[in-house]
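So that you can tell them apart, the chains are marked A, B, C and D in the order they are listed, and the count of residues begins at 1 in each.
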Amino acid sequence: MRSSRIRFPKFLLANAPVLSIIAVLAAVPPFITNMYYVQVLVFIGIYAILTLSLNLLNGYVGLLSIGHAAFYAIGAYASAKLSMELGLPWVLALAGAGAIAGFFGYLIAKPTLRLSGIYLTLVTLGFNMILFLVLQNWMSFTNGPLGIMDVPPPSIFGFVLSSRLQYYYLILALVLLTVLSMHRLMTCRFGRALTAIRENELAAEATGVDTTRYKIQAFVLAAFYAGIAGSFYAHFVKYISPDSFTINESFILLAMLAFGGQGNLIGPIVGAAALILIPEAFRPLQEYRMFVYGGVLIVMMLVRRQGLLGGRSYSLRWTRFDSAPARIYERGDKFLPEG
Amino acid sequence: MIKKMAVTGMMVGLILAGGIAGLEPALAAGEVKIGLSAPLTGDWAEYGNDFKRAVSMVIDKVNKEGGINGKKLELVIADSRGDAKESVLIAEKFVADPAIIAQVGDFSSSSTMAAAPVYEQAKMVQISPTASHQDWTKKGEFMFRVVATQGYEGPYNARWAVNDLKKKKIATIYINNDWGVDANKYFVGEARRLGAEIVAEEAFTPGEKDFNAVISKLKRLEPDLVYMPTFYADFTAILNQAERARFKPTVLANSSLFSVKTLEMGGRAVEGTMIPVNYFGSDPRPAAQNFTKEYKALYGTDPNQFAALAYDAAGVLVAALKAVGTDSRARVREGLIGLKGYEGATGPISYAEGRDPAKLLVRIMIKNGQWVLYKP
Amino acid sequence: MPLLQIAEVTKGFGGLKALRDVSMQVDEGEIVSLIGPNGAGKTTLFNCITGTMPPNRGSVRFRDEEIVGLPPHEVARRGISRTFQHIRVFGQMSVLENVMVGRDFKGRTGIFSALLRPPRVGNEEAENRESCMDVMALFGERLLPRLNQPTRELSYANRRRVEIARALVSGPKLILLDEPTAGMNPNETEQLMDLIRLIRDRGHSVLVIEHKMKVVMAVSDRIVVLDHGEKIAEGPPSAIAADPTVIDAYMGRRQRAQAD
Amino acid sequence: MPSFLFDQFINGLTQGSVYALLALGFTMIFGTLRMVTFAHGEVYMMGAYMGFEIIRLLYPSFLLALLAALVATAMLGIVVELLAFHFLRNAPHATSLLVTIGISILLVNLAQKIWGPETQSIPFGRIDQLGNFEIEIAGVYITFLQIAVLGVTVLLMLVLYFVINRTKLGMVIRAMAQDYEAASAMGVNVNVIYMAAFAIGSMLGGVAGVLVGVYYNMFYPTMGGIYGLKAFSASVVGGLTSLPGAVVAGLLIGLVETFSVEFGASNFRHVFSFVFMILILLLRPGGLFGGKEMAHTRGD
C-alpha cells in the first residue's frame, strides 16, 4: 500500500505543468505596474469562461449555437437585478444569475432539440435577437437603452472588491473553477456521453445514452457558465446596457472558439486570449484594426480549420509520474505503449 | 507542412507586431498628452471621425502657438467602436500612461458610462462632447459634459412647442437609444405638464429605414406638431417618406440635426423644420465664426453640431491647462471649474454651478433649404 | 416464454412496405440468424426492435414487456444491444472509452457527483474499466494493445470488434449483430463464429443478420428468412437449406431474370 | 376597408417585398450549398453602393445601375464562395460560417474607408430623372419605386423558379443540394456550379441593393446589418430552400411588422419577425414551404 507520504510528491510532479501555469498566473500580476495589462487579463478571463461554455455545446456535443451572448446578457442583468433590487450579496447574485441563465438554457433546449443541425442553430440566433430587442424595449424592467448603472461591486463575505488586482484574482478563481469543473465533468460518464453524441448520435442512443437529456443538460450547463461570466462583467464594469450583448458578441465568441480550437479545455482559452490581444495590440492602427481582425479570422479558418489547438484532447500531466489511483488494468498495461 | 509554417509564421508575426505596437512609446521628457476615445469604426463611425477632426484641429492650433507653457500637446486617438468593453480598455490604457493628463470622449452614453469609474479612480478628467445620459455626471467628480442634457433641452423644446407655437396635439418619433429615450421622456413630461395632449410616442430601432407604417399611423391621428429626436439619416428618411404620403406636419427636433447633410438629404421635405442649437454656422458670435472658417478651410466641409461640441470639449480642456499647467491631472478639474467667460463655438461654457453646463440655445429653422435664425 | 416475441410487425416508408406482418421469436440462449436478399427488410426489422424506427403496426415484446414506442436508449437499458451494418464507433474517442460508453447507462454519476467526485464515482469508473477489460480480453491480442488509440485509426475488422465489445459490455440479454463478418477475411470470420458461440455460452441470446451461408449454417440454432419484407421460412439450418421457397427466393431471381 | 388599413397594407407589402427580395438571395445560396452565409447583408450593401455610384456619377438609369451591381456582386459572390466554401467543402458548418463573418467585417470596414462612414444619398435632381410617377388608389399614394420593388421581386422569383425547376442548370443545382458527392460522381463539375449558384444568389443581393438603396435613398456601410438578419429570418420562415416560400414569408413579415406598428407596439416590430421565425422552426421545421424531411435526423 503506497503511503500518502510518497504519493503527494508524485501528484505534484504529475500535474507540474498545470500547477506551474497557475503559479505564474497567480504570482506575476502584483508586479505588473501598468494596470492596463491587468485589465486586459481580466477581460481575457471573462471571455475564456464564455468561450469554454460555448465549447461545451459546439466542441463537446457538436451543437452549433450562434446566440450564446444571450445567456451572457441574462447573467449580467439577472445579477445586477438580484443584487440591486433584492439586495442579495454578490455570491448569491452570482449563483442566482447562473441558475437563471441555466433555466433559460433549459427553455431554449427543451423544445428545439429534436431539430437537426442548421435549424437548431437558427433558433439560437433568433433567441439572441429577441433577447436583445426585449432588453432594449422593456423600459420598466431593464431601463432599455439607458441600461442599468451603479451595479454594486462584488463582495465576498463582506469583503468588497476595489483594486483591479482583486478583480483579477476573482476572475482567475472563476476561470480555474470553470476549468476544474469542466475537467471533472468531461473525464467521467457525463463527458463520455457528450462526446459520444458528437461522434455518432445514433450509435450513442442505441448504446443506452439518453441523448436528449444529455443535450439539455449540456445546454443548461453552458448557459450557467455564460451566466457566471455575465454576472462578473456586470459587477466589474458596474454599468450594463443592451448594446454589449448583440449578435456581434455571439460572433466574437464563435470566432474565439474556432480560432483557438474546440473539443478540449485549452483551445478556447487560447482563442479568447488571442482575439482580445490582437485588437489591443493593433490599437495604434485605429480604424484599420478591424481589417486585421477580419483577415486573421479568414486566414486561420482556411489554413488550419480546427483552430490553433483544436481537434484533439490534451492532457497536461506527465504520465511518467502519474500517481493516479493504482492502475488496475494490468492485463492491458503490459501492452500499453510507454509514456 | 506549408500550412503549419503559415500558421506559426502568422502567429509569430502578430505577436511581434503587437508587441512593438503595444509598447509604451518612450516618454519624451515633459511631453503632455490628451487622450481621445471615439467610435472610428462601427455604427457611429461618422461621429467618431467628426470628433477626431475637431479635436486634432484644436491640438494642432495650440502646438502652432507654442503649446502650453512651452510644452507641445500630443493627441492619442483610440477607436472604441462605441462598445463598452473597448472604452473600458482604452480608459485603462490612457490612465496607465502618466503622460496623458485628460481625456475627451466617448460618443455614446453607454461607452462613456462604462469607462467613468476608471477615470474617476485615476482622478483624470473625462470630458464627453455628446454623452447625454442624465445621471452620467453623478458617476463621479471628474465627469464633464459639453452638450446640454436632454433634461435641459427637452423642457426647453416643450415650452417652445406648447407656449410659443401654441400646439395642443403632439406626436413624437424618437430613435430608441439612450439619447433618444431621454430626449423623448423629458419633452413629453414637460409638454403634458403644460397641458398638451401626446397622441403617440413612436420609438424605432437604430438602423431602421422604413417609416411608412409610423407615418400612416400619425397621418390618421393628425397631430398639429411632431417632435422628432433623431439623427439626420433617420430624420430625412422619415420626412421624405412622409412627403410621399402627403403628410406635412409641423416639425420640431433637436440640435443633433444641425448639419449640411440634413439639407442635402432632406431637400424640400425638411422645409420648415425648427431646432434649438448651441452651435450654428452663421451665428454672428466670433467664436462660432472662427470655428466654422477654420474647420471649412482645413477639411473642406461645413462642421456639424458634433464637430462643434468636440471642438469646444478640446477648447475648454486647453483653456483649463493654460490656467493650471500640465503637471497634475486632478488640477485640470479645478481648471475647468474655475473657467470664467469661456466663449465656445457652441456658446458660453461655464462649470461654476455644476459639471452639466447650462447652454444657451438658439432657435433656428430651415427656410428655402438653408438653416436660418427662427422668426415666429 | 420466448425472450423476444415479434408479432405482425409492419413498417412502410410512404408507399413502399419494408416489412409486412413479420412474426418471429428468439428464445433464451438461442442463436437465430436472419437471412434474405438485399432489401428484404432485415436491418429495418432491427430498427423496429431497437426503437430507432418504430413500426407502423405490430408488437415487439421483450421478456414479456411491450417495447414498441420506447426510445432506443430505453430498449438498450432493458438488455437489447446492437451493432450496425455500417460500423458506428466514436471515432475520436479511444478504444477503452468507446467500450466504456456501452456500460455507462448502468452508472449513476450525474453532474453533481461528477463535480464533487465522492469515492463512489472512482469505484464506478474502475469497475466499468474492469468489465471492459474482461470483454475485450475475449478478442485476445486484437484490442488490448490499443486501449488508448483513437478508434478511427483502427483497421476495419478491429473497429467492428470494438462495436461488438461495446454491445457486449453491458451484459445484454439479447445482442443484435448486423452483418458482423462483413469485410472480414476467412480467418477473421472463423474467429468471429467462435466468438458468437462464446457469447451464447456466456448467457446472451444472439440474433444475427448474415450473408455468408457458411457462417449461418454453422452457427445458427434457427434461421428466419425474409424476402420483400415478408417471412417466407423459419426453422433449423438443415430444413432451411432444403426449403424450396427459400431456394426459389435466392435462385429464382436469377432464373426469372434469364427467362425475361 | 378604412383607408388607413389599406394604407398600412400597402406599406406592409412594400416593406415585405424588401425583405423578400433579400431573402431570395439567401434561399438561393442555402438551397444549393446548404450553407448559411452572414456576408449576404454586406453583398447587398456593395450592390447598393454600385448603383449609387452609377446613378450619381455616370448616368441616372436604373438599367445601368442594375448592370453594374450585377457584375460587381457576381464577382464578390464568387470571391465569397471561393474563400468560405470552395476550400472548406468538407469542413464543419462553423468553419465556413466564420469565414463569412470575417468577410462581412472586412466588407463593412472597406466600405467605410472607400465611401466614408456617413450616410449618403443620391441628389434629388438625379432621383427624379429615374422616373418618379405615382398612382393614387383610395387616397393612398403608391410610388413608382414601391411598385418596382414589389414587381421586380415577383419577377425575379418567377424567373428563378423557372431556372431552378425547368432548366438543366436548375436540375443540376437541385441534385447538388441533395447530395453533392453523388452529383459530382455523375460528371457534374461541382465547383463551377457552386460558384454559379453563389454568384446568382449574390446578384440577387445586388439587385436588392440597388432597388432598396434607391427606394430609401440611403447608402451607408452598415446598411446590410439588421436587414441582412431580417431577410435571413424571412428565408428561414419560407423554408430555406423554397423560393416562393421566401417571398411569401418576406411579405408576411412585412405585414406583421407594419400592423404591429399600427396597433401600438412599434418598437417591438422587429421582435415579432424573430418570434415568428422560432415558432415556424419549432412547429414546421421545414418552414412554410420547405421540404419536411430536411429537418429531422434520419435513422438508417
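Definition applied: a residue touches a chain if its C-beta (ideal position, glycine included) is under 8 Å from a C-beta of that chain, and two chains touch if they have at least 3 such contacts.
Because the structure is a prediction, the values reported are computed rather than measured.
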Closest chain to global C-alpha mean, per-chain Cα centroids: A
Most widely separated chain from chain D, with each centre as the mean of CA atoms: C
Whole-Å gap between the CA centroids of chain A and chain B: 37
Euclidean distance of C-alpha centroids - chain A vs chain C, Å: 40
Chain B and chain C, separation of their C-alpha mean positions in angstrom: 72
Inter-centroid spacing, chain D versus chain C (mean Cα positions, whole Å): 49
Touching two or more other chains - residues of chain B: 41, 45, 176, 203, 205
Residue list for chain A, restricted to those that touch at least two other chains: 133, 136-137, 202, 287, 290, 296
Numbers and ranges of chain D residues touching at least 2 other chains: 109, 112, 267, 270, 299
Chain D residues touching chain B - in the complex, by the definition given at the top: 4, 7-8, 10-12, 14-15, 18, 109, 112, 116-119, 121, 123-124, 134, 141, 143, 212, 216-218, 220-223, 225-227, 257-259, 261-262, 266-267, 269-270
Residues of chain B defined as touching chain A within the complex: 3, 6-7, 10-11, 14-15, 17-19, 21-22, 24, 40-41, 45, 77-79, 81-86, 88-90, 92-93, 95-96, 108-110, 113-114, 116-117, 133, 135, 139, 176-178, 180-182, 203, 205
Of chain C, residues touching chain A in the complex: 50, 52, 71-73, 76-77, 81-82, 84, 88-93, 96-97, 100-102, 104-105, 107, 109-111, 114-115, 117, 121-122, 124-126, 129-130, 133, 136-137, 141, 144-148, 166-167, 170
Chain A-facing residues of chain D, complex: 34, 36, 38, 83, 87-88, 91-99, 101-106, 108-110, 112-113, 229, 232-233, 236, 240, 267-268, 270-271, 274-275, 277-278, 281-282, 285, 295-297, 299
Chain C partner contacts - residues on chain A that touch it in the complex: 181, 184-185, 188-193, 195-196, 199-200, 202-212, 217, 221, 263, 312, 325, 328-329, 331-332, 335-337
